[in-house]
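Both complexes below contain chain A, partnered by chain B and then by chain C.
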Partner chain A sequence: MGGWIVSGLVYGSIVALGALGCSYVLLIQRYFNFTVAPWLALGAYFAWTMKQILPQWGGVELVIAAIVSMVALGIAMTAADKALFKPLRDRGAPFMFFYLTSFGLLFAVRSIIWLIWGPQPKYYYPGASVGIKGPWGIMVTPAELLTLIVAVVVVVALYFFQYRTKLGRGMLATAQNPMLASVCGVEPETVHTTTTMIAGFVTALAGILYGLTIQIRPLMGWFILLGIFVCVVCGGEGAILGTLAAGYLVGIAEEFGSNLIQIPLNFWGVPVEMSAYKVALSCALFLVVIYFRPQGVWKGTFLER
Partner chain B sequence: MAKEENIILETNKVTAGYGGVDVLFDASIRVKKGEIAAIIGPNGAGKTTLLRTISGVLSPRKGEIIFKGERLNGKTPRERLELGIGYIPQEDKIFPKMSCIDNLRMGAYTLPKEKFSEMLERVYQLFPILKERRNQIAGQFSGGQRQMLAIARALMVEPDLLLLDEPTSGLQPSLVKEVLDKVKELHKQGITVLIVAQNREALEIAERGYLIRAGQVVLEDTVEGLLKNDQVMQLYFGG
Partner chain C sequence: MGYLISILCIGASYAIATLGLNLQWGYTGLFNIGVAAFFAVGAYTSAILTGPDWGGMIGGFGLPYPVGLAGAVVFAALLAYAIAFVLRLEFGFLAIASIMLSTVVILIFKNEMWLTNGVWGIGGIPRPFGEMLSPATSDWVYTAVALGILVGVYFLLEKGVRSPWGRTLGIIKEDPTLAEMVGKDVYKWRRTSWIIGSMYMGLAGAVYGHYIQYINPRTFDDVMITFLCLCMVVIGGSGNNKGSILGAYVLWGTWTVSEILTGFLPEAWQLRAPFVRVLVIGIAIILLLRFRPRGLIGREAAISKMGERIRTGRVE
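And then the complex of A and B:
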C-alpha cells in the first residue's frame, strides 16, 4: 500500500506542475489554457531531442536537455501569446475568443508533434530502471525520487518568487486589478511575458518528468489533462502550495484509489480493470471537494497566499 | 504662455473613448502648479475618461496632453507616474486581497528599495491609522480607510500632480470631511490636485473648476463663480 501512495505522490507531483502552469495563465491572463496538454508533450519531446544530440554524461545530459527544453517551451508559449492572445487582449475581446483560440492552438501544436516525432512512444532511458527498496513495501525508482524532489523545490521557489519579489507582487496586483497595477507602474506586457515563461518552464518540467517516469508519447498531455483541471480547481484558486497539495490528492485518488478498489473487484471476480478508470476517481475527488470545500483544499488562494 | 501662467498640466482638444465610441470631445483644461482644480458634471459626462486619459490608462484619439512642458501622448502609465502623475480611480482603488503594507509596496513599485522605508514613514505620519493596520487585508477596510490607503498608495512616489476621481463617493459625511481635510493638507505641502467633485464639499476645497457636460468642457470659472451659477447648483448639487 505504501507503494501505491508513493506512486500517487509521484503522479500528483507531475499533475501539480502542469496545474501550476495552467493556474498562472488562468489567474493573470484570465482563460483556461487547454493547450497545456500538447505543450506538456512538446516540452518532453524538446528535451528528448536535445538529449539525443548531447553526449552521455551520466545523467547530466538530461539536466541540460531539461533546462534547454524549459526555456524553449517558455519562449514558444510566449511567442504564441504575443501572436495570438495579445491582439485579443488589446482589443478587449470576449473571453470566449480566448478559449476558442486556445482550442485552435491545441490542435495545431498536437499536429506539429505528430508530424515531427510520430506516434511511437519514446524513452529518455530505455529499459527498466532499478528501484530503491523502502519500508512498507515501498519501491521508488531514481526517476520517481527525482520527480518528488523537483516538484517540491520548484513549488517552494515559485512561492518565494511570487510573494517575496517585486515582480511577483506586480503579477499578483495585475491579477487583481490590471488598471490599478498599471498606474502603480507595473508594465502589463512584462507581467504577461513572465506569466507565459513561468507557465512554459513548469509545463515542460511536468512533461519531462512524465516522460521520465512513464513514457513520451504524443497524447501524454491528454491523459493527465483532467487531473490538471481537477488540481487547478481543488488547489484553491491557484494557491501555489495548495496546488501541490491538490496534486498529491489527485495522484493518491487515482493510484491508491484504483488499486484499493481493485482488491474487492478481484475478490468478487468482477472483470473490471480499475487502472482504466483512474480518471473517474479524479472526477469523484473533484465532486467531493467542490461539495465540501468549494474554496479548495488550501487555506488562502493564489492572491492571498 | 504656459510658462507665464505656471501651468503644470494642459489638455488641448482631447478626444477619447472606449471601443468605437467617443466619450470626451475636444476637452481643453489647464491646471496651475500648486492649485486644487475641480472637474464637475453629471454622471457619464466624461470626467473619469478625462482623468484616465491624463493618467495614461486610456489613449487620446485626438488632441494632446502636456505635463510640466512635456507631451504625454504615447507615454505609458508608468512613464507618466515617473514624471510625477499619481492617479486614484473612483472604484477599485486598492488591491483588496493584499495587506495594507503590500498595497503601499505597490505604490512604491517604481521606487528603489532603499527609498521605500523613508516614504513609508512619511505616509504613516500623514495616515497613522495605516500604520496601526499595516498587516490587515485591505479588503477588510472601511470606505474611509480604503480612500486613505488609496491616497497613501499614490503618495509613495511623491507625485507633483494628484488625480482624484470622486474621492468622497459613497462615504458618510464625517468621513467626507476627513478625506477632504487630508487633500487640503497635501495641497499645503505643495501637491497640485485635480479632483473630480461630485458634491459641494469636494468642490469647495478647489480654487477653480471646469464643468463637463456630454463630453465637452462647457464652463470654466472660479469655485465662487461656479457656486453662484444657478444652473450648476440646480443640476449638480440640488440647488
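And then the complex of A and C:
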C-alpha cells in the first residue's frame, strides 16, 4: 500500500515538473505545447551525453551535466519559439496554427533524437540501485528520494519567483492582459523569453529525473505526455502549487489506482491486467475533471495560486 | 504495377480519412489528433464482422462486405459520440481528449487478446469477390471498389458543405459568437460535424483493412495515420475537399516513392530512412504553415464578402 503511494508520488513529481513547462507556455502563449514530449527526451539525452564526456566524480558530474542540459534545452526551446511561433504571434494567426506547428515540431524533434542517439534505452547509472527500506512496505531508491526533493524545491523556487519578483509579476500581468501589461512597462518579448527559458529548465529536469528513476528512451516523453496534460488541466493554467498537487493526483491515480482496481478484478476473475491501462486511468481522470471542473480542480478554492 | 495499385488504393483510404478530417478541421474548426483511433476502430470492426472464424477470439460472422463497412461507420460514430461533450469546452481540450482517445483505443487493441488477437494482429481479411478471382485481378477489382467509395463520399460531402448546413458550419468556424447570435446551437452543429467526420475515418479504416488484409496495432501508430492525415489536409489546403484528395495522393505518392528509392541505399542508411522521412515532413509542414498557410489549392471563397480577403491571403 505505502509502496504504491510512494511510487505514485515519485511519478507525480516528474509529471508535475514536465507540466510546469507546459503550463507556463499555456499561460503566456495560449496553446497546449505538444512538443514538450520530445523536448523532455532531448533534455535527458543532452545530460546523458554530457555525463559521458565528464569524468566520474561521485555524483557531481551528473549535477553539472543536468545544469548544462537545462540551460541548453532552455536555449533550444527559446530558439524554436523565436523562429517558429513568434512569426505566428506577430501575424495574429488562428490558434490552430500554433497547435499544428507544435505537433509538426513534435515529430521533427522526435526523429532528430532517433537519428542521433538511436532507439536503444540508455541509463545514467546502469545496474539496479539498492533501496532504502521504510515502514509499511515502503521502499525508495536514492534516485526516487532525489526526485521527490527536487520537485518540491523547484516548485518553491518558482513560486517565489512568480509572486515575489518584478519579472514574475510582469508575467502574470501579461497573462491577464498583454496590452495593459506592455503599456505599464512590461516588455512582451522579455516575458516570452523568460517563459520559454523556464519551461526549458523544468522540462529538462523532468526528463533527467525520469531517466534517473526509470530509463532514457526516445519515446519517454510520449508516454508521460498524457499525464502532463491531465496535470495541466487539473492544476489550472499557471497555478504552480496547484500543478504540483495535480501531479501527485495523477501519479497516485496511475500507480495506486491501477493496483487498487486490480484487487476486485482478480477477486471476480475478470481477465484484465490493469498495469497495462495506467494511462487510461489518467485519461479517465481528465474526462471527469473537465466534465465537472474545466477551470481546474483548485482554481478559486483554497489554493488560488 | 504493385506499387501503383498500392498508391491508388491506400491513397484512396487516406483520402477518405482526410475528407473527414477536412470536414472537422477545415470547415468546422475542430482539431482532431485522434484520427488513428477512428481509423483503427473502423478497420477492426470491419475485419471482425466480415472475417472467417479464427478460433480463440471473437469472430466467424462472415457477413458481406457492405455490412462490414456499415459496422465500421457505426462504431466510429459511437466512439465519437462518447467524447462529444468535450466540444462544449475551448479548442485545446478537444485536441487532448482526442489524442487520449487514440492512445487508449490502441492500448485496448494491443492488450485484449479475445477481441483483436493482441500484437499478433488479424490476418486473412476477405475482399469483396475475393474467392472467385485470382489475386492479381482481385487487386484491380478492389482498387475500383475503393476509388468508387472515394468518389461517392466525395460527392456526398461536396453536397453537404454547399448546402445551408455547410455554410452554417463555416460561420461557426469563423465566428462562434455570431453563429450563436443568429440562433444556432453551436454545440449541436459541432457535434454533428464531429460525428460525421469520424464516420468518414471509420470508413477509411475499413477500406484500408480490406486492402492490406492483415492488421495489427502497430499499423495504426500516430505517425502513420494521424500525422499524415493532418499533413494531407494542410498540404491540400484546409476547407477544400478537392485539395484534401490532392493532398492525400501527393503525400502518399511521395511517401511510397521515397520508400522505393531508399530500397536502393545501403543497409545502415535504410534503417535511418523512416526517421529522415518523418523529419522532412515535419519541417515541411512547419514551413508550409509559416509561408503558405493556404496549402496547394487553398480554400474556396465560400462566404461572399470574405471571398476577396481570402483570395488576397489576409484570412487563413
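Everything below uses one rule, namely that the second predicted complex is superposed on the first by the 289 of 305 C-alpha atoms of A that agree within 3 Å, B and C clash if a C-alpha of one lies under 4 Å from a C-alpha of the other, contacts with A are read in each partner's own complex, and residues count from 1 in each chain.
Keep in mind that, in the parts below, a contact is a pair of C-beta atoms (placed from the backbone, for glycine too) under 8 Å apart; a residue touches a chain by one contact, two chains touch by 3 or more.
Because the structure is a prediction, the values reported are computed rather than measured.
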| item | value |
| --- | --- |
| Fit or clash between chain C and chain B when superposed on chain A | fit |
| Which of chain B and chain C A:84 touches, first, second, both or neither | second |
| Which superposed partner A:186 touches (first chain B, second chain C, both, neither) | first |
| Angular separation of chain B and chain C about chain A, which is computed from CA centres of the superposed model and rounded to the nearest 10 ° | 90 |
| First, second, both or neither for A:104, with chain B first and chain C second | second |
| Which superposed partner A:166 touches (first chain B, second chain C, both, neither) | first |
| Which superposed partner A:123 touches (first chain B, second chain C, both, neither) | neither |
| Residues of chain A touched, compared between chain B and chain C (which is higher) | C |
| Touching partner for A:287 - first (chain B), second (chain C), both, neither | second |
| Touching partner for A:176 - first (chain B), second (chain C), both, neither | first |
| Shortest span in Å between Cα atoms of chain B and of chain C, once chain A is used as the common reference | 7 |
| Chain A positions touched by chain B in one structure and by chain C in the second | none |
| Of all residues in chain C, those that touch chain A in their complex | 25, 29, 31, 33, 83, 85-86, 89, 91-93, 95-97, 99-101, 103-104, 107, 110-111, 223, 227, 230-231, 234, 272, 275-276, 278-279, 281-283, 285-286, 289-290, 293, 316 |
| Complex contact set, residues of chain B against chain A | 19, 55-57, 76-78, 81-82, 87, 89, 92-98, 102, 105-107, 109-110, 137, 153, 157 |
| Of chain A, residues touching chain C in the complex | 26, 31-32, 84, 87-88, 93-97, 99-101, 103-108, 110-112, 114-115, 225-226, 229, 233, 273, 276-277, 279-280, 283, 286-287, 290-291, 294 |
| Footprint of chain B on chain A - complex, ascending | 92, 166, 169-170, 172-173, 176-177, 179-187, 301, 303-304 |
